[in-house]
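Below, chain A partners chain B and then partners chain C, in two separate complexes.
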Partner chain A sequence: MQATGIKGTAAKTTAAATARADGKSETVERAGSLDTAGIILEDVCYEYPGGVAALKGISLRISQNETVAIIGENGAGKTTLAKHLNGLLKPTSGRVFVDGVDTRGRTCAAMARLVGFVFQNPDDQLFQNQVFKEIAFGPRNLGYPADKVERLVKWAAGLVGIEGLLERHPFDLALAQRKLVAIASVVAMDTPYVILDEPTTGQDYPGTQKLATLVAKLHAAGKTVIAITHDMEFAAAHFARVIALAGGRVILDGTPNEVFSRPDELAMASVEPPQMARLGQRLGLEECVLDQEALLRALGLV
Partner chain B sequence: MDIVVDSLTYTYPGQPGPALRDVSLEVRSGELCCLVGANGAGKSTLCCAVAGFVPHFYRGEMYGAVLVGGQDTVQSTIGELARRVGIVFQNPFDQITGATLTVFAEVAFGLENLGTPREETVARVEGALRRVGLWEVRDRSPFELSGGQQQRLAIASVLAMDPPVIVLDEATSQLDPSGTREVWQIVANLYESGKTLLVAEHKMEYVARHATKVVLMEGGRVVASGPPSEVLGRDDLEAHGVGRPPFMSVVRALREKGLWDGEVPLTLEGAAEVLRKVSGR
Partner chain C sequence: MNPRSPYVHRPSSIHRLNPLTKGVLFLCTVVIAFATSSLTTVLALLGAVVAASAAARVARELARTVAKSAFVIVALIFIVQGLFYPGSRTPLYVVGPLTIWQEGLRFACFTASRLLAIIGATVLLMLTTRPEDLVSELMARGLSRKLGFVVLMTMQIIPNMQARAAAILDAQRSRGLETEGRLIQRFRAFLPLMGPLVVGSIISLETRSLAIEARGFSSPTKRVRIEDIPDTRWESLVRWGASLATFGFVVWRLVRWISSLIR
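== the complex of A and B ==
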């Protein structure tokens, strides 16, 4: 794994400079003390120009090295929330801090060193004529030397299983493969926080397995992984924390077991628990079961 | 209207190898046939071949034949085929014409091209938009819609044309769970109304529940085809790039333990019933 110079709470402060077009530079102070580490949202409200209120008072804290799945139906505010975590959107009221940095005072470019964001639609993101160049664009822009860029590209491509596609043109690839390229191009920036907006959309069974492995490896590398997902099986099996949004508010926040044991609240978010939990609920089990073994054990069938 | 694919081998222009290899398939009139398999298995290409985009639009090299309602797609024009087959693409961005300013006009586009009288066009567009739940946003620009709404828009533009054969190429891929349920409800209604349906889909829970026939593809070939219980019940399903619905895996586990010797149900409710019997709850 590449050393970012930032490892968990160990580093007290790291300064990173991002060159701007006007020649001035902008500095992100990264205070890694226990009080400020992680992402903190304080009563965040966001209203889109035109008056649609997408977030209505969200307060939560995501600690370093957490794996968080954000669930909820389309229009619940998931993507709007995620875009606040890297400063792409700034709250209309309330505040967002990433490792103590208030996003309101930072450009998105400055935040990009801390938080990587993979768009839902890879075609919003991809623009190079070769997969290698596409994945290398981020680390190059961060000013890394060529050998480090190459190492990061290979590492990221390997994590999502597209090592064999580095010479190809992104738009010759199928949508699901382009999505993996988009993910690798953000992972290659080696940011401590990685946000994936609907990574499993359009993925087949092997693709979803690869993404599950990616989440586990990023977690093992000390990163914080936040994924927006509609795939409850994926959320339940591969994330330690699940946050359910409905109508711009957090309605549930806890472990998969805690969240998926509340079918009534989930129905408000138009979400159905994973299949094992639904089977358990149909059979009148009190406890929430999320995998086959747990279900059979709870039914006394093991 | 039935679909017959006979020994179809097809190579895209400039590609070293064929995307489809000796594919034969029969979908009888009124069937709901699901195509399953990993990405790159050839599902989308087969969908495009049934709609005639392969070879009419993509060109390339084609051997074998595709017959829709007995007529050879190669001998038919795209215009003739449009009356018989409607296709909903995987990516709604590929489908939206960009030539219209409103959702309403977008759905009317196909009918206008067929020269449908104005009053009938208006009525059919309204019916299609209501069916997919987009009537309220009919005056918006297609590009102002969310991904899920765009996918339903693409479906509406095919429904308005009311073809006897409808092909959906992973049409739920951009949708949230409730959007997916809604689309599958539309598909089930189309099946009830007697349409012939060819549906490529990764969400196996829906394939198991709704398909009358499942075709498993891998590397451009048909690996297996048959009723859903048979194809989704294969021991080597995962090895062919398809994940079994977890509720089916549970019942299979009971069979392996010798606790159940009946059928493996194709719905979650059916699996719950089996578990209830076996556990005595």
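== the complex of A and C ==
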């Protein structure tokens, strides 16, 4: 892999092996030992059957309990990369390990125990006639007993803030709410890894705030959260690590501050840093500022 | 344009033909292939399809598509007819308990050639004609707009639904639904697939019809066409000639059939 970017500071994260969310979340079962824990990609290449090379040699390590935002323009390979993490796609060459498990040897359904994946379009996913049943579908597939399923459904609905919608029909809800139902239906599977594909699309401010809270709570529960997003403010504010993809390669990998202080590489990925970072750069600030507070501090105004 | 249509753009005189001409020739081929009982005629049709595909520079695509869609059924025709054709009298080979009959093989040759000629003509039409062009040409000649829309939608809906079904299947597998493996498992995977597929198709159809209505679909004014599709006098002659010849052929076949019944 061509490492023009900054070396990730991922290794500092220690595994919160059996963390619980306020005692409500189920124990997260960790299969891997310390050196195999986490998601490891070894020189992963992927070519679609039509011959389009979507990933061109990606090597990454995502440790347990990290929060990672994946950014990059459309067609950069973000969703293709994410689909490798739960075995929906198997690499053309290279290998993907999740907690030491090689995805090539497992079906996607078997990987679903480890990695939850929320799709961009909720309408590809929702099919039950009631939100409760919808959210319960995943945990039932994993073979959990009824009382555990019910506990997980309520826990997940609480995390995304849709407790009031459990009796409703998913298709009576607005798109943004259906999206939250789709997210809850994957969170309820209580997997140690949760992947969100463009969760903030179509969400209003309160919806985005709900998602931010969700990321924080999942992190507190010891889970690894990986989000694909075009929302740079969301990526900068709520994720500890940002990975920028361009043309099927990783071009930047580091903390939001590190990544968003590299406008040249970001331009390669056709990504604009958050508004405050751009303002700070225009003002000639040395350091990268990502929010209003940081900007005011850097200007010596607070 | 529909990126999923099998249309292949090549600079050829066949591609430049008016879509109606190709449509008429296609229909004539199908009608004759059904009406005839002579192997020579069917082989001539098959030869014409192959020659036209070579002229259109899509022979390779044609061969690939036809092989993919017809291989199994052609193989079955040969096996079943070769072994079990009723009234067979002349054994050709005997392999253990099985006898391959000459009459059966002859009938299999005929049926398979007829099938290949029809599939080949269909594929050739699809490879060399944009469905939009064909429907637009038909509408210019009086096909109702609504019917034209239905025809176009029907052609698009299957590839659309396939793509959606793949996305839905991925989403449900990601939620732990086992879709690989035993038949019962695959059957259980069916329902979570059908729900979003049907609901999604209805929603997208409704959105689409609203969107085209917003652009004046049912406005009663006279239409003009963005692109005039060229048509020539001799093409019109070919169409009439082919139609009349086909009609004549069918009448001739009917007369022969009826006279054979009377006798």
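We adopt the following convention: the second predicted complex is superposed on the first by the 271 of 302 C-alpha atoms of A that agree within 3 Å, B and C clash if a C-alpha of one lies under 4 Å from a C-alpha of the other, contacts with A are read in each partner's own complex, and residues count from 1 in each chain.
The rule is simple: contacts are C-beta pairs under 8 Å (C-beta built on N, C-alpha and C of every residue); 3 or more make two chains touch, one makes a residue touch a chain.
The model shown is predicted, which means the values in this text are computed figures rather than measured ones.
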Check chain A with both chain B and chain C modelled on it and let me know: fit or clash.
clash
Counting residues of chain A in contact, which comes out ahead: chain B or chain C?
B
Kindly classify A:Thr255 by the partners it touches after superposition: chain B alone (first), chain C alone (second), both, or neither?
neither
Going by the contact rule set out at the top, does A:Asn86 touch chain B (first), chain C (second), both, or neither?
second
First (chain B), second (chain C), both or neither touched by A:Leu296
first
Does chain B (first) or chain C (second) touch A:Thr213, or do both, or does neither?
neither
Is A:Ser63 touching the first partner chain B, the second partner chain C, both, or neither of them?
neither
For A:Phe171 in the superposed arrangement: first (chain B), second (chain C), both or neither?
second
Who does A:Gly116 touch here: chain B (first), chain C (second), both, or neither?
second
Return first, second, both or neither, reflecting whether A:Gln128 touches chain B, chain C, both chains, or no partner chain.
second
If the shared chain A is used to align the two complexes, which stretch of chain C, 44-52, 224-232 or 242-250, clashes with chain B?
224-232
The shared contact residues of chain A with chain B and chain C are 121, 123
Where on chain B is chain A touching in the complex?
37-40, 44, 90-91, 93, 146-148, 170, 173-180, 202, 205, 238, 241-243, 245-247, 249-250, 253-254, 257, 259, 268-269, 271-272, 275-276, 278-279, 281
For a test of understanding, state which residues of chain A touch chain C in their complex under the given definition.
83, 86, 88, 107-110, 112-113, 116-117, 119, 121, 123-128, 137-138, 141-142, 171, 185-186, 189
Spell out the residues on chain A that touch chain B in their complex, using ranges where they run on.
73-75, 120-121, 123, 174-177, 201-208, 230, 232-233, 270-272, 274-276, 278-279, 282-284, 292, 295-296, 299-301
Over in the complex, which chain C residues touch chain A? Could you list them?
164, 167-168, 170-181, 191-196, 199-200, 203
